[in-house]
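You will see two complexes here that share chain A, one where it goes with chain B and one where it goes with chain C.
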Partner chain A sequence: MDVIQMQRTWVEYTKSLYREGFLDSQFAQLQLLQDESNPDFVVEVVSLFFEDSERLLNDLTKVIDQQQGVDFKKVDAHVHQLKGSSSSIGAQRVKNACVAFRSFCDEQNIEGSLRCLHQVKQEYYLVKNKLENLFSLEQKIVAAGGSVPVDELGFL
Partner chain B sequence: MAAAGTESLRWNLAEEVGVSGCNGNLVNGPGSGSEEFHVLAVDDSVVDRKLIERLLKSSSFKVTAVDSGTRALQYLGLDGEKSTSAVGFNDLKVNLIMTDYSMPGMTGYELLKKIKESKAFKEIPVVIMSSENVLTRIHSCLEEGAEDFLMKPVKKSDVTKLKDFMVKGDQAEKGKRSSIKRKMDDDILKMMMPPTIASSDDDQSSSASHSPSSSSSSPCTSPSCKRTRLQ
Partner chain C sequence: MESCNCIEPQLPPDELLSKYQYISDFFIALAYFSIPLELIYFVKKSAVFPYRWVLVQFGAFIVLCGATHLINLWTFTIHSRNVAIVMTTAKILTAVVSCATALMLVHIIPDLLSVKTRELFLKNKAAELDREMGLIRTQEETGRHVRMLTHEIRSTLDRHTILKTTLVELGRTLSLEECALWMPTRTGLELQLAYTLRQQNPVGYTVPIHLPVINQVFSSNRAVKISPNSPVARLRPLAGKYPGEVVAVRVPLLHLSNFQINDWPELSTKRYALMVLMLPSDSARQWHTYELELVEVVADQVAVALSHAAILEESMRARDLLMEQNVALDLARREAETAIRARNDFLAVMNHEMRTPMHAIIALSSLLQETELTPEQRLMVETILKSSNLLATLINDVLDLSRLEDGSLQLDLGSFNLAAVFREVINLIRPIASVKKLLVTLHLAPDLPEYAIGDENRLMQTLLNVVGNAVKFSKEGSISITAFVAKAESLRDPRAPDFFPVPSDNHFYLRVQVKDTGSGINPQDYPKLFTKFAQSQSLATKNSGGSGLGLAICKRFVHLMDGHIWLESEGLGKGCTAIFMVKLGIAECCTESKLPAATKAGMNHARTDFPGLKVIVMDDNGVSRMVTKGLLVHLGCDVTGVSSGDECLRLISQDHHVLFIDVCMHDGYEVARRVHEKLTKRHERPLTVALTANSDKATKDQCRRVGMNGVVLKPVSIDKMRSVLSDLLEHRILL
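On to the complex of A and B.
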């Protein structure tokens, strides 16, 4: 693929992520904060999000797996953190899954919480995969001498 | 380089957590006579710290980001390990403190109180950030002396308004601050009154304290409206 094609693919792919609700306007805010003096800002903050989320998901799995009884306060605290960080980077579906999760925590509903945990994990891995594809495409564009056409997204 | 003694202790701590100027390089601290404002940002979330740091730097603020209220107090020299009543002045030249509300250990509210209780730092404006729109929480923070309460995720437009709160040791600034606070108190009272709001879960829940279906009819961009707009 040549640079122009890759740039077009990048634009279409990004638009689809917004359209399908994987990303919301907060992600656009991140893209706006990136510039020549901070060219890797989005990748950096999203990488922090990946690390942080995986840690939280591991902790959540451990807490929910407790045979002796689930500490819902702990579960809620972790979900609250995950909700916050997903909201901060614009990972809308993950955030929404966390919102649903918290209401099951409020009800101390184990089955519901287990289902939600599964749902949150699914959404997380989905958006992680999509963002990794996006960043990989950005790397290819830059390597080929082009620039990432953020202004062609039209709504920023 | 920093002088020996307490100064170097502070700078070591700051370097651990990352003091940087707007050009991204490590600096020894805000210079005297610098026109740039220095913000101390407090948030336990690594993602949010990164975000707030970039937001602040993009508005030409210098930033020191720490991960807890305890660290913030240590940075300011208020941690009680030395004779704090003698610690005279804001030599770090912190112009604004932005803190998350919900943090493990010391909450942003508790940090706010400690700052307002200190002779050296009570004049520094404090802004609280939260992902939860809880009126009683907002009100307590403002009562305790916070300048503003920002809903997360914090945006560029929130940050550009912060310059209004910066303290330069000017008496005129205090007057402005109390009028902003009064306006916020009025807005909060107005919001508590409308009879048409029907809230489904307003008693126990810690999240939004009024119904998502209520929305202002006119677009609102002032800090008080932004603060309470539901996400």
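On to the complex of A and C.
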């Protein structure tokens, strides 16, 4: 594929992510922080996010699946962490799911919590997929000699 | 004949004659006997009678005389000798007694007479005393009348009432038939009948003032009797045959100016009124002195009362006038305020309304310039731009000036780069100067501070105006701009006698000189230079735009900055030097308070925001921590990330400037407190900022309680972080 075409695809793809609410302005801030002296900033942060989130989700599953009664405090703590991470990178839908999760935790509602957990997981995997696609496209562009056209996103 | 001792009467007895003699003698005797009896009776009755001895003597004399006459009765006929002897004895005795009495009376009668005269004298005296008593009584009564009259007269301050009361009371007291007051007219040539007692509405009789009778009355301060036929007295048809006596008295009309301190007794007034009083006709009354005195006193009292009334009227009038003036002034002030407010509102609206389309024009013209244009089009667009810029300048000038005049303009103080101002002005002016082939040079003294505190915009405006003028009025040659710190000796300029610069530690005086080789200034035009809207006729060339406001505005700005501006020129065609001095503050820190706008294509420019600022970020969430760290690194900070409180406390030192703490961490606040404990001195301690996703009051309060310097809401954008850091560093607290 042609670099320009790839760049255009990248732009469209990114815009769609924003449009569909997967990402919000915080992600744009991260993109702004990326410059010559810090070229892989976004990728690094997002990778860290993936690691953190998977760990947290595993822990969450473990805690909720406890037969002897769910320790909602722990659940809350984990969800809090996940919420913080997702809002730091701008994973909007994940963050919103976490917010809903927390309210069920406050009510100590196991059913609701379980459902929320599923929701969060779903959103997480979705956004992870999307971001991985985005990064692979970026790699391709860079490999083809072009640069990621961040400033063409326009509306930021 | 028988020898009898009878005595024959002397005369032959004529029968009739002797009979009558006989009877008369009898009666004389009787009378002579009864008188003493009466005397004794009445003396006994009276208490006071001196001279009883005389009475006895007198009585004896009378008795003896009576006895003599009695005995004489017997001598008419023949009577015996005994009778004759008795008769003779009686006569001798009588003669003795009467002589004695006569002798005594010589002593006594003068005494008696003197008694009588004394009596008369005493009677006269008594009569006199009676008269005097009467007089005193009338005087006292007069006094009472006067007091009452005065009281009546003085109890009112209304002139009309005073005069009417006077006449009424006088009429009553003195029982006058008519009483009239003649007042001098405005012209002073006539006396007009102003008030009368009996007639209600006196018709306007006038009498010329220079009649002899009137002069006579006016020349004396006493009441003067005048003829009832004189014109002032002929007020009514005669009621009776004989008109009563008429008296006239002058009433001085006093003016305030008459009371000169050294001149009290003599009234230098020339105006008198005339009071005429008429006694009832057909009465035999005459004017008594005390009545005249009463009238004089009353006249004087009336004069004083009238003058008081006049003064009061005057002061009331003045007070009313003042009140009216006050009201008028108040109204005028309110109108002026309304006018000013209306003008300000108008200006504000016009300001906005005018600038908006202006900006549109200028912006779009600029954009148009950027596109591809044919040369003619480009020229047109340039002209449009130039004209609209001019118009924008004009609008700004006018609006600025009106605000300046009001005194409502205040300088926007801030710290700025001094050299940058000059460079910018040069950049702005260079195109025009190069078109005119003018050389522009800038020389900044090396001791000029890099940063200064003042109103950057206005300084630039002033400088631009001055330099712009230099360029405008120079057709060729060069413009040189020099700026240096004014030394103390050069601060006082003989050309500016009322400019007293006071150098101090925090401020310095910037002196800027702009020298051009242009057309110079006519010495005649010098006073008008800084006047609004006044342009010198000889210099109004086709190219000189502007309204003539520039220098006036500059002068205002310079004055606001505690400075002075003036122009020097050696004459027409010899160029001109504009010099101004302004007071600027010396900036302490070198951070700019104005921040350049963020651009997104990753300009390295942003990296110099906070060079070398040592920051610690404490957040247990790896992703958040990394994002925050990336943000701060992007802004040029030297960032260390920690994930636990212990690690934070281990690393924190006084070298660190800022500490960001995620207070959602369980020991977030604790760490903040411990940091404060560890580094207690304020200037050593790093600034602590809370990062939180909660913006509620409880969080804020908690942060404040542990002594944190600020709270920031996650997630943080680049701009937000930048402004947070700059606020922190400038104010040491997040506002």
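The rule is simple: the second predicted complex is superposed on the first by the 156 of 156 C-alpha atoms of A that agree within 3 Å, B and C clash if a C-alpha of one lies under 4 Å from a C-alpha of the other, contacts with A are read in each partner's own complex, and residues count from 1 in each chain.
Criterion: a residue touches a chain if its C-beta (ideal position, glycine included) is under 8 Å from a C-beta of that chain, and two chains touch if they have at least 3 such contacts.
This is a predicted model, so every value here is computed, not measured.
Student: Kindly say whether there is room for both chain B and chain C on chain A in the superposition, answering fit or clash.
Tutor: With chain A as the common anchor, chain B and chain C collide in the superposed model.
Student: Once chain A of both complexes is superposed, is A:V127 in touch with chain B (first), chain C (second), both, or neither?
Tutor: Once the two structures are laid over each other on A, A:V127 reaches no partner at all.
Student: Should A:M6 be classified as contacting the first partner (chain B), the second (chain C), both, or neither?
Tutor: A:M6 sits against neither chain B nor chain C.
Student: Tell me the contact category for A:D106 with respect to chain B and chain C: first, second, both or neither.
Tutor: In the superposition, A:D106 contacts chain B only.
Student: Tell me the contact category for A:E44 with respect to chain B and chain C: first, second, both or neither.
Tutor: both
Student: In the superposed arrangement, does A:D151 touch chain B (first), chain C (second), both or neither?
Tutor: The answer is second: A:D151 touches chain C but not chain B.
Student: Under the stated touch criterion, which partner chain does A:I64 make contact with: chain B (first), chain C (second), both, or neither?
Tutor: A:I64: touches no partner chain.
Student: Where on chain A do chain B and chain C both make contact?
Tutor: In chain A, residues 26, 29-30, 32-33, 35, 38, 41, 44-45, 48-49, 51-52, 80-81, 83-85, 87-90 are touched by chain B and also by chain C.
Student: Hey, which residues of chain B end up touching chain A in the complex?
Tutor: Of all residues in chain B, those touching chain A are 23-24, 45-48, 50-51, 54-55, 58, 102, 104, 131, 152-153, 155-156, 205, 207, 231.
Student: For the complex, give me every residue of chain C touching chain A.
Tutor: It is residues 600-602, 604, 620-624, 626-628, 630-631, 633-634, 662, 664, 693, 714-715, 717-718 of chain C that touch chain A.
Student: So in the complex, which bits of chain A are touching chain B?
Tutor: 26, 29-30, 32-33, 35, 37-38, 41, 44-45, 48-49, 51-52, 77, 80-81, 83-85, 87-90, 102, 106
Student: Contact residues on chain A for chain C in the complex?
Tutor: Interface residues on the chain A side: 25-26, 29-30, 32-36, 38, 41, 44-45, 48-49, 51-52, 80-81, 83-90, 150-151, 156.
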